[in-house]
Structure formats: structure tokens, C-alpha cells
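Got a structure for you, written out below as C-alpha cells; questions coming shortly.
Chains: A, B and C, in written order; residue numbering restarts at 1 for each.
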Amino acid sequence: MMLNLAQNLIDALSLGSIYALTALGIGMIFSVMRLVNFAQGNYIAFCAFALLVPAGEGISRPFIGLLPGWALVPVVIALGMLLAMASEILLFRHLRGAQPATMMIASFGLGSALQNLLLMLFGSRPIAINLWPALTQPVMIGSLMVPRLQLVILAVTALALVALTLFLRRTRFGTAMRASSENFLMARMLGVPADRVILVAFGISGALAATASLLTLPQTGIADIRMGDGILLVAFVATVVGGLGSLTGAVLSAYLIGLVSVFLQIALPLAARPYRDAFVYAAVIAVLMLKPDGLFSADRRSQRI
Amino acid sequence: MTMLSLDDVSVSYGPLTAVRNVSLDIGRGEIVFLAGPNGAGKSTLMRAIAGVLAPSQGKITVAGKSTAGMRSEAVVRLGFTLVPEGREIFGSLSVAENLSIGAYLRRDRAGIEEDMDFVLSELPALKPRLRDAAGLLSGGQQQMLAIGRALMTRAPMIAIDEPSLGLAPKLIDQVYDILLALREKRDLTLLIAEQSFMRAVEVDARLVMLRSGHVVRAGRARDLAAERSLEGSFFGFEGAAA
Amino acid sequence: MSANRPLQRLAARHATSVILSLALLATVLLLTGLASPLVVRVGIGTLISVVLVVGLFIFVGNSGILSFGHLGFATVSAYATAWLTMRPAMKKMLLPGLPEFILSAQWPSFLATLASGLLAGLVALASGVFIMRLSGVAASIATLALLAIVNTVYANSDAVTGGVGSLAGIPTGLGIWTVLGWAVFAIVVAHIHATSAAGLALKSCREDPIAAEACGIRGFRVRLLAYVLSGFVCGIAGNLQARYLGVISPDSFYFGATLLALAMLIVGGMFSLTGAVAGVVAISVAMEVLIRLEGSIELFGFTVSIPAGTANFLIAAAMCVALVKRPQGLVGDREITLPASLLGKLDRHASNSKNNVGTTTVENTL
């Protein structure tokens, strides 16, 4: 029983990690420019297909995928960053000051363009990718058998979170980014360069998408042009439930959703299990009704005069 | 030397013109008050100088350079910074972080440290709160922080939009004492917007009265105050006054 | 000012819906008179999108709250259509979990449309009682959660919906005139609502919630009303879609379709009924033209094959360009109406009042 619980907990945490990385990517961009970027999920798919050569329907021919791990990881992360930064320079920069709804739909347009680009190049069928097969081997921790991959996911996510926190808290540019996310105009009036702050936010979210992509691939073994869609939906919800603009909130809610999903999978009676997601989303509505500003919205900006 | 020069500046929001044909020169070390009721165009004018709004007409020159087409990041580099209405401190950042954002453009580590010490000695209320979130400060402390943050930019000219807004009279006196002291020590040029012209008379400053976007009176505050129609030009019934 | 000019007021008030309806009518006449059956079919699809997006506009346009949930109402209605109109023998085979009285039912199409629209409205009411207490982003996300709930429930209730896969066998044969009728209905309903007291109250909540509440407007009520009404109209669209294709699946009404409908609204102009219709027409026409490009074409004697996805790629790219060029949408927040000069003439004969100024807000946009 205890073993089962521990196993389930690890499942929940690794699921939550993927959500958290994506929610963080959405949150980074939202906090500096109030854009809900629906293309984040497509960045994930793009990074997965970057490993392959376009060889036609369903055929797997590795390209970057042939590189050894030490070279592959930085290359894919760099590609993710480039893609995200290119979308800022080519699209979102020209929509500064537009309604949030307009920017959101533009991001949907971008995502759709990316998805169809992949469709044109690789076809619609999922493509098998054999990335780091050694990771699927289980390791024993005491009497607990854990897939090595899950441990890697947890470690990498923790590392990414710590690195990002240090960047935002301890560096000059990070502090400027936090200031901009709170009051963009004022930050600019003090000399913080607006375009660079936003570009860096996109770069970070692209890197996070690449990370999520590389962590998902060994688990599923396939690259699918729609692979980011499901993750995006959950991450998007997590960003809002956590309190828009609060990165900590986004990460915590992503893990919470992972936990609730795995917990319901065990706790629900067999007949109700297929409806698990409906229960998760009903809980989301309930949470929003109780705390419309989000679970973790630490709004310390209370004006005292 | 002229720090700021406005030449026939107008600012519009779409079809609405908020500031019309304002011309003004401010020399280094001067203190100038912009006074006028709500909607006179004080904030609009200040925002236009700061590069937040683009003037629809006319020319703004800061420290000898035209700001045409410049964004607010660039105007700070020229040596002009704005403490906007409502202070706009970064509430979720600590007091120390707020001050360090003020020094964002600077690279002189030693100078920044020195200025940090200077700001804390001039604004001692901030010292015990350095690690606290700025949003937790009182209104008066927030105003001090906003001024301190502006000082950290090392801009020789600071514009302050309604520093007295929402503060108790005693605190307002304190804020002005500090501002005047800072002006002496740092050779600052100050442009201050207030609804009332009384403070300008008190500190014997230059006064520019705005109403509906126009300059209606300009000159030494005490000279203007001697004219009986000053209140009239504030409220807009000049003709009827005498 | 216009109180003593009844004709002018009447015309000014209804001009938008009348002009939009006439424009659609003219297009349909043109299509049925001149075009091939294939093009007529495309016209039917476009008109169904008009019903859907106008339905979406009733809530989104007036409240300013982006809703992701309205395709959920279309799902509910589309499956209700299947339940009410499929042949009983087929239902026994494909949907054995349905209760007996539905298994044996085979309703006439008009009644089925009304009933499934009402069911959608009912689901909107039941969910709106909770969700409409929220506003802003929280409300948006709650509607997204609702969409996910509806999708999960329908995709997993195999015995009554056929599950994730497609459910075929819904009687087709939907004529273009029926669809036009419903499109006009949607436009008229949307326009009456937008200009009614409840619609204006809702818009005032959109512009300034605090001031609106201070005027005694109860945000929850006016939001809920618009939500239910738009749920009903989107339900009608779901019914028409089911009868148009004869085949439905939960995922055909999911996130992708939701975003496409929102894109049509926003590309046209989020706060305008005219924009809703213009957005549908612009995107639908673009899609139809571009989709023809796919497959292989002859070019200078060579056969060039254009891969699948090209059309949608171009549409998405065009949409981004359109949003950059016109972030307020194609028509902004304006409405098509009669020019002020024309409106002014209406009552010249009836009343001999002074030289009139005309309503200053009206503007001809197309």
C-alpha cells in the first residue's frame, strides 16, 4: 500500500513537472506582456520534430536526433529559444498595445501555422522516435521500482525552477523583468529596455518548451504534431488557477493538477474513471468560484495611502 | 544651461487635445511648478516629456537633444526622469530592489553604492525597511521610495507629478523639505506638478499655470500671487474677477 | 432628439440586422441561381458558421469575456439531434444506452432543432448559474473547463454517444434556405439583444464594471441572460452542423473549433455584430479558396503536388497579418447601418421639424 502510494506520488510529480514547465513558459510571457501564448504547445511539438528529417508520412529518420546527448540538449534548447524569439520579433512585437484577446487569437494563428507547417513537412501520422532508450529502464530505490526517466524529469524540472528563480531574484536583469511584469511603463521610464525584456521572456519560454519536449519524448516514444495540445490546455488552466502573473502559483497549481489527476485515477470508482478529467475541470471551476484571483495570488500591491 | 526646452508643444489623445502650444525653458538647478486643476494637462505634459506620449506638434529638448521619436528608456539616458502620479513603486519588489531598478542603466558599481548610501541617509525612513516588499510601506514612505528611486538614476532633472497626493499635511511638508534639500546637494533641476500654487509661492519658485491645456500665467510665483486675479486664472473666471 | 421621429428611430434601430440579413439573402440567391451544387454546399457551411459566431458574439461581444465553452453547447445540441432524428433501428445498434422513449423517437427536423437548441440553452443556464458569478479571465477559464468537461463526458459515454469516434447516420438533406432562415434568426436575436436594456447594461459592465454596479446593474443577471441566449443560438448551430455533415464526433467541437470560431469573431471585430458576420465570411472564403490549392496542380506541364496543411498554414498566416494590420478587427466596433443623411430623410415628410442633425453615431462601414 505504502509502496503504491509512493509510486503514485512519483507519477503525479513527473506528470506535474511537464505541466509546470509549460505553465511557467506561458506565465513568463503573460507576466511581461499580458499575452496568453497558445503557441507554447506548438513549440513543444516543433522541438520534437526538430530531431527528425522530413522523410514523408510516418517515416522516422533522425537528424539532430543522431547527436550525442551532450550536444543534442543544447541544440534543441537553442532551437526552442530561437523559435519563440522569432515569433516575438515577427509577430507579437507588431501587436503591442492591442487587446489581450487579439494577441491571444494571434498566438492561436501562429500555433496553427506552426502545426500546419509540421503537417506539410512530416505528414499527419505520429512518428516513432527512439530517444535515450536507456532512460526507460527502471531503478530500484529500496523496494520501490521507479523508471529512471521519472527521476530525470523530477531532477531536470527542479534544476530549471531553481535556475529560473536565481535568475529572477539574484540578477540585475531578472529584477528588471520582475519590475516590468508588475508595471511595464514605470520600468521603462527608469530605463529598463522593454523589447529586450520581452525578448528574453520569449527566449526562456522557448527553452522551457524544448525541455518539456525532450522530457516527454522518451516517455511516449512518438513525435506527434498535436503532442503539445493536451499539455497546453492543462498548463493554461494552471496558470490562471495559480493566479495570473504569479509564476510560483503557476508551478504549484500545475503540480496540484498533476496530483489531483493521479489521485482521482485511484480514488474514483471504476465506472467513473473515464470521466476523471471532467472531475478535474469541475474542481477548477469550484476553485475559481472560491478564489477568482487564483489560489496563490499573493497580491502585495495593496495600496496604502 | 537649459535643461529642458518645450517649443510650441501640443499633445493629443486621438481627437482630444490635452495640451496646446506650450512653450517653456527650464535652466539647470531651477525649480518650476506646474499648477492647475484636474484635467489642465499637467500629467499629460510630463508624460510627453518622459517619452511616454508623443507630442502631436512642437519640439521637446532635454539637455540640448531633441526627444522626437525617442522611447522613455532613451529619455532617461538624456537625464530626465519622472516620478509619476500615484508613485508607481514596484509593490512586489523589495525596497532595495526598487532602488536598484532606478540604477538600471548605470554601470559604475562604486557610484551606485555611494548613491544608495546617500539616498538612505537622506531618506532615513527607508533604511529599516530595505528588505520589505515595497507594497507594505505607508503612503509617505512610498513617496520617499519613488523619489529615492528617481535619485538612483542620477538624472539631473526630476519631474514629480503631485507629490502631495493622498498625504497628510505634515508628511507633505516633510516631502518638500527633503526635495529642497536634495536640490541643493545634488544641483537638481525640479519640475513639480501640483493642483495648488500655494507651495510654489512658499518656496519662491517659478510658476506655470495651466488650464484646459493652455498656459494661462507664467512667472515668479510671488509676483503672480501679488496680482489679484491669480485665483481667477486657476478657476477660469479671470474676466469676472475684479 | 429622435423621439419625434419614429420612422428614423425604427430604421436606425433595425438597420444593422436588416442590412446584414439582406446581404446574406442576396448571396444565397446568387449562389442558388448561378453556382454549382458544390459551391452551394460551401455556402451552407458558411451560413452555419454565421449562426455559431453570431451566437458567440451575443455573449462575448457584449460582455467582453472570451468564452471557450460555447462549442460545448454545440456538442450537446449536435448529439441531441442525433438522439432525436436518427432511425430507431440504427440507434438501437449504435447507441444502445439511450432510454426507450428516445430510442423509438424520430422527430421532425424543425422540432428537433428547437429541442436540441433548448437543451443547449438549458446546459448554459445550469453552468451559467455558477460560471457567470465570475468575471474577466476567471470566467474565461471556467468556460474552458466547461468545454473540457463536456468533451470528456461525451467522448467517454460510449453507450449514448458512440464514444470518441465518429457517430454517423444522422439524417442529412439540410437545404440552404433553412440555414439562411436560422442565420437571419440569429442576427435578429443578437441585434435585438444588443440594443435592449439588458444588452446595454451588459456592455456597460464590459466598459466599467464598478460604475455599472453603482448604477444598479446586476452583472450576474445580465451576463447570465446573454450566456443562455448565446448558448441557445450556438446550440442551433450545433444542430445544423450535425444535419449538414450527418457525422459528428466530440473532437470536432473541441478546442480547435472553439479557437477557429473565436478567430472569426475577433478577425471581424469582437464588439460588432457586423464584424462577427464579416469575420465568418472572410475566413470561410479564404479557407475555401486555399483548400482547393492542395493536392496536385499542373504548372507549365509539370505536376506539382502541394502537401496537405498548406491551405491551413496560409490561412493561419493570413490571420496573423490581418490582426497585425487591423488589431481592432476588420470593422472595429462599428456596425453597418444606413447613412445618416438617408435616415434623416425618412421623417422629413412626416414631421416638419427643424433641420435635423441625424444620429451622430451611425456610420456606414462597408
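Just so we're on the same page, a residue touches a chain if its C-beta (ideal position, glycine included) is under 8 Å from a C-beta of that chain, and two chains touch if they have at least 3 such contacts.
Quantities reported herein were computed from a predicted structural model and do not represent experimental measurements.
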Query = Line, ring, star, complete or other: which one describes how these chains touch?
reply = line
Message = Taking each chain's centre as the mean of its C-alpha atoms, which one ends up farthest from the centre of subunit A?
response = B
Message = Averaging over Cα atoms per chain, report the distance between subunit A and subunit C in Å.
response = 32
Inquiry  = Centroid from C-alpha atoms only, then distance subunit A to subunit B, rounded to Å. What do you get?
reply    = 43
Message = Roughly how far is subunit B from subunit C, centre to centre by C-alpha average, rounded to an integer in Å?
response = 51
Ask   = By residue number and range, which residues of subunit B touch two or more other chains?
value = none
Touching residues (chain side subunit C, partner subunit A) in the complex = 66, 130-131, 133-138, 140-142, 144-146, 148-149, 152-153, 156, 255, 259, 262-263, 266-267, 270, 307-310, 312-313, 315-317, 319-320, 323-324, 327-329
Task = Could you please specify the touching residues of subunit B with respect to subunit A in the complex?
result = 50-52, 71-73, 76-77, 81-82, 84, 88, 90-93, 97-98, 100-102, 104-105, 133, 135-139, 142, 149, 153, 166-167
Task = Please give the residue numbers of subunit A that touch subunit B in the complex, ascending.
result = 172, 175-176, 178-179, 182-183, 185-194, 298, 300-302, 304-305
Ask   = In their shared complex, at which residues does subunit A touch subunit C?
value = 38, 91, 94-95, 97-99, 101-102, 104-106, 108-113, 115-121, 123-124, 229, 233, 236-237, 240-241, 244, 274-278, 281-282, 284-285, 288-289, 292-294
